[in-house]
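Have a look at the structure below before the remarks.
Going by the order they are written in, the chains are A, B, C, D and E; count residues from 1 in each one.
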Amino acid sequence: MKKALIIALLAVAAIPLLAAMASMPRFGSPEQPAYTHVASRYLQKGAEEAGADNVVTGVILNYRGFDTNGEVTVIFTACAATAAVLVTSGSRKKEKPGEATVPLSPVVGYVVRLLAPFIALFAFYVVLFGEVSPGGGFQGGTIFAALIIILSVVAGRNVAERVLPARVRPWLQIAGPLSFIAVGTLGAVLTGSYLGFPHARGLLATAMLMGIELGIGIGGATVFASIFWRLGDEP
Amino acid sequence: METVDVRVLLAPAISFACSGLVFLMGRNVFWRRFWSLGAATLKLVVVMSMLPGALRGTTYVWRFIEFTPGISIAFRADALGMFFATVSSTLWLVTTVFAIGYMEPEHAKVRFFGFFALCVSTTVGVAFAENLLTLFVFYETLTICTYPLVIHEETPEALRAGRKYLAYTLSGGACILLGSALTYQVAGTLTLSKPGILPASADPRTLAILFTTLVAGFGVKAAIIPLHGWLPSAMVAPTPVSALLHAVAVVKVGAFGILRVVYNVFGVELLRRLGFTVPLAYLAAFTIIAASVAALFQDNLKRRLAYSTVSQLSYIVLGAALLTPAAACAAVAHIANQAFAKITMFFVAGSIQRTTGKTQIHELAGIGHEMPLTMAAFTVASLSFVGVPLFAGFITKWYLSLGALESGMWWFAIVMLASSLLNAAYWLPIVYLAFFKGPHGRGTGSGEARLLLLVPTLLCAAWVLVLGTTSDVPGMPFALARAAVEFVFKM
Amino acid sequence: MWWQWAHWLPLAVLVPLGFGVTTPAVAGGDGGRAWRWAVLGSALAAATTLALVVRVAREGPFSYAFGGWNPPYGIEFRFDEVGAFAFVVASLGMLAIVFSGRYAEHALDPARIPYFYTLLLLDIAGLIGFSVTGDLFNMYVFMEIISLSSYALVAVSGERTAEMAAFKYLVLGAVSSLLVLFGIGMVYGTTGTLNLADAARRLGGVGSAVPVAVAIALMAAGFMVKSALFPLHVWLPDAHAIAPSPVSAVLSGLVVKVGLLGTFRLYQVVYRTGIVDLAALDQLFLWLGAISIVMGAFFAIFQDDIKMMLAYSTISNIGYIVMGFGLASKFALIGAAVHIFNHAIIKSALFLAAGAIIHQTGYRRLSELRGAGRGMPLTAAALSVGAVSIVGIPPTAGFLCKWYIALGAFEAGRAAFGFALVFGALFIFVYYIRMVNAFYFQEPVHADVVHAGDPPLSMLVPVWVLAGLCLAMGLAGKIPLTFITPAISRLLAPIGG
Amino acid sequence: MTIEASRLFDVGLMTLLVLCALAVVRTKDLLAAAIIFSAYSLVMCLVWDHRGAPDVAMTEAAVGAGVTTVLFLLAIGKTVRREK
Amino acid sequence: MIGALWSNFDYAVSVVLFLIGLYCVIAKNNLIKKFMGLNIMETSVFAFIVAIGVVDRGSAPIMGPGARGPFVNPIPQALILTGIVVAVSTTALALSLIVRVWHQCGTIEADELRELE
């Protein structure tokens, strides 16, 4: 009964939504405003102006860099939020970390250990080549986080935690926002506006973009790993 | 003639500062009394110092702070405001003396005297309000400040009375707020410095709504039947509170507000044309009679006083509603006439209660032998209410009747007559009981009330006589009332 | 002049953001150090936003283009008079953080304290960003920073009820964010831009009004969930009542305003384009606002828990503001906009004072708190000032809104809603008078309440600063009113004017 | 591929998406639902890659199908596997 | 309208997915399930926004030697990258809360939790 009512309500809600969808500019049309207005400039000049062949990366880091500044803040907010919800001073380090949480066949462990450097390399590739190919800091960071998560499942927490030592972890977690603030301020000094990049395609601009990408990558990886561990710490 | 003068601001500010000082230093008996009496005296001096100027026709103004763009909290002491301010600051001094004597055995005296001063501050603020919004600000503040006084006893009954009081008066305040907003919408200004601000061209239906909301709003505090319910219950408060606030400040603020609405918001001419005041006059006349009848059946002295207040206040409303100069004179003058007579009675009731512990009328047999001076004061006040010539109440009745005849509604003069009879019917038996019915058995032997209670009582009674005999003497309050009336009737 | 320096605008967001993210690292587990760091950060943020307010008052609205890309190509911060909410956010946030110092020591797990301050600062940063951004998607990003930190702050005490309340808040908050994002997507799809001002220009020329209308509806619905307008308020009472008191102050005073500010920005985009007739939306706002006022007050009457009562009163007050939007006349909009500021001040004062009382006595029910007026006179007095103010007794801050919306109701020819508003306020008074009665005029139930004593200065000072502001903002009502007027005039100016 | 074929491929993917979503809603076993959700994310990935958005597709694969699913699994492991 | 819907098929599917997700959030009792529904809603909105960026025969907007237009619109993609991050952040926090609620109440069914209150 309740379910039927909900379905009926949603069906009613669907009508205006579908009507709106029907009268949106036609899907895929090159004449639609979304394509002809702001985007056309990005596509024509983006690679030059923004300093990245991958225009998406250019948009993320340069044109709409401040959004990404907010995005890395959101990631860190999630980290702080899970910490504020899960951390307790009493239960920390209660159980002995170190052993694999799940009994695994040695084959899996061996394969993971063998693959780990390659996965790490791939993550770095994704981070650093985000300018010219799909990918970027966040994607690479996530891959790296996945590696750490797999390691802590297979090889145990202490092995995985060695990659991101607890002492510097609070700083690694905020690598994203910090790199943004640093590069943004540098941009303000050089070009007069926050997150401004000097002269597209210059070495300095590339270095700044790389700095941000690395920051996002390290920050993202650390945050995801931390969240995973914290959730795992819960009984 | 308008003069910018800080004394207009000073008058409310003194009692405001006094309340602050009482809250800060009031735990010490000496400082509490010092500041209360000192501020009351100072304020009276300040107000009185403006009186000669006001009688000469000078209007003192002071713009305090711009509250919202275009509307300031501003003070303006015109004749009507001066009249009300003089009455309330005089009575504040007297009542403070009385309260010091009366409140001695009570608890929470700091709170009492602090809020007491705050109430007077806001009352004078209402008197001097330059515009409707300023008036409303002080009107609402007064409501809030009186609440702790009403529930001073902190008994469940007092809390209930307090709730009732707030429910009535805050609803009234809401009406005034809406009325003010509508006035601003229609007139584009809220000033009370002109004899009428509403344009004659406005839609009569809007004006009718406006008149109803404003009069209903002020009518709550002026206790027009059927908006009077809070007043009798609020009598649970200590007697000085009932005296100053419920016979003088709070209720008079309501009546004063109605005068402002009739004379300064609508203006006499507009109202004459619209005819809104005729139903109001009937309502006032009904209140006068009905409340008097109700008073007849009260045995508790303070409750009888309360119903008498309801009845008397409608004299002012009736005077305003008749829209003739004579009636207006009566309305303004009655602010003082009723205040002094009624406060005398409250003081008497308080003195009796404190001295003998009696609160019911049937217990008062023979009390005149014990407390002759107190009961003499009571007699003076009673005669004033009955309307015997040479007593203050006569002035009101005389001019009101004149006004009724002037306006062609002669039947209101009959109402006056009936009211006199009813007043006689419920006051004089008490006098008779007190003086001519010997005590059954032995008297209480309590003797006269102590001086702190007696002196204020006698002073007020004396003033009733003064008011009743000096209506033609220049420089006395009645002249001020005349000045106010001349302004609103553009004479 | 010092206030003309262009970079104040990004700094207003970056300062609390930078201090916020670094708090756990700097504190290293030391709650006291985290507190000092957070106080410093929020004080700097307040100073920065002050510069912005000074500039907007002198020069009118101004912009900052990030990365040097002029709008619509880059992200723009646009600071107008309504954006001055950022200053309110920063200052109230600072007071709440100062207040938290002793409160958190007592109420929170020490391991969570640095994260608590981080989240508070990020919340402030998000709110400042939300109020000043001129870009639709950036608005969404800041909204999410605000939401995420708020969800966690509700649950930070670790109590069972708090976590459940936080989850309820999270689900509704996430759904509302998605509604807004859906709307943003549709606006982008029809106009091709994300810049607010540019969208306002281009909306006039879109092909079909249907997607625009649906987008407005979706965004308005999302924002109204965020603002807890009745009947979308279900998450609010629990979340605001159970959260730690400084968090309640921030949530109730500032975070619920996200929806209202968002609605205002939406109005700025669509008001003058004329492509969609907003009359239906106005009508809806009017009625929902009126119902909110009444229902909020109605539920509050039955609450014994002091913070629960305050939480329901927030729903009423949101009703005022939404009703002001719905009336859509100049006075009403000014009143509504000013009340966004004033309610923030008043409600923070109330929650902080209530928090101080709960902190000192350990009780939170009115029936147990009898006699608190004697035990902690200064705190209870501040709470009473707040109560008088929120009911709208003149000359306090709450009165301005009542007066202006009443004026606006007559201006718009909707007198009935003026009545609803003013008498709804009376209804609200009923429960505040219960509070005052309990504090001052009723026999104490617990002896320790009478001997509790006022809280330490770090709690008392913020409470009284806010209580003082409740009075000052009312008396000097001209300042906020004249300050906000240009924004409203621009909003209502005729098309092309 | 002609446009029509590409269109057909799209429609097929979309249908799969809707089916996956419905399956997530209907499956009582949370573990299974989480896995189906992961599949849903991967289909979404395909759609986006096919739409010329490889960046988004990659992120969705890493985050939507990866991290989110891991977190779901972890949470299910910590709590309860079956929905009542 | 049907014809227009057919040409805007992607958008329509997003709406359908959105509503399926919303149904899951409203109708399901299990908190984890509710959150799966929310994730479906999120991806549906992302799909909608990505679809806005699509151009007929467009390829990924990666310039460089050999790249040939037309390229699809990069802005929606950039937005959705941020959106996905926001979504996973919300999910992480929600699941943390769910685990805590389970820990403290022993159930994560909404109706049972309501009874516990």
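The working rule: contacts are C-beta pairs under 8 Å (C-beta built on N, C-alpha and C of every residue); 3 or more make two chains touch, one makes a residue touch a chain.
Note that the coordinates shown come from a computational prediction; the quantities given were computed from them, not determined experimentally.
Using the contact threshold fixed earlier, the set of chains in contact with both chain A and chain B is C. Leaving out chain C, the touch network of the other chains consists of the groups A, D, E | B.
Distance from the centre of chain C peaks at B, each centre being the average of the chain's Cα atoms. Looking at D-E alongside A-C, one finds more C-beta pairs in contact between the chains of A-C. With centres taken as mean CA coordinates, the chain nearest to the overall protein centre is C.
Farthest chain from chain D, judged by C-alpha centroids: B.
In this assembly, the C-alpha centroid of chain B lies 43 Å from the C-alpha centroid of chain C. For this pair, chain B with chain D, the centres built from the Cα atoms lie 78 Å apart.
The distance from the centre of chain B to the centre of chain E, each centre being the mean of the chain's C-alpha atoms, comes to 69 Å. Chain C and chain D have centres, each the mean of its CA atoms, that are 38 Å apart.
Chain A has residues 17, 19, 21-24, 32, 34-35, 38-39, 42, 54, 56, 64, 67, 70-71, 74, 77-78, 81-82, 85, 134, 136, 138, 227, 231, 234-235 in contact with two or more other chains.
The multi-chain contact residues of chain E, meaning those touching 2 or more other chains, are 9-10, 16, 18, 22-23, 51-56, 58, 60-62, 71, 75-77, 79, 81-82, 85-86, 88-90, 92-93, 95, 97-100.
Shared contact sites, meaning residues of chain D that touch two or more other chains, fall at 53-55, 59, 63, 67, 71, 74-75, 78.
By the definition given earlier, chain contacts exist for A-C, A-D, A-E, B-C, C-E, D-E.
Partner chain A is touched in their complex by these residues of chain E: 1, 4-5, 7-12, 14-16, 18-19, 22-23, 26-27, 51-56, 58, 60-64, 69-71, 73-79, 81-82, 85-86, 88-90, 92-93, 95-97, 99-100, 103.
On the chain A side of its complex with chain D, the touching residues are 54, 56-57, 126, 134-136, 138-139, 142-143, 145-146, 149, 224, 227-228, 231-232, 234-235. Across the complex, chain C meets chain A through its residues 6-7, 10, 14, 17-18, 21-22, 24-25, 28, 64-69, 72-75, 109-112, 115-116, 118-119, 122, 125, 129, 135, 137-138, 141-142, 144-145, 148-149, 151-153, 155-156, 158, 163, 166, 186, 188-194, 202, 206-208, 210-211, 213-215, 217. Residues 53-55, 57-59, 62-63, 66-67, 70-71, 74-75, 78 of chain D are the ones touching chain A in the complex.
Within the complex, the chain E residues that touch chain D are 9-10, 13, 16-17, 20-21, 23-24, 28-30, 32-33, 36-37, 39-40, 43, 46-47, 50-51, 53-62, 71-72, 76-77, 80-81, 84-85, 87-88, 91-92, 95, 98-99, 102, 108-109, 112.
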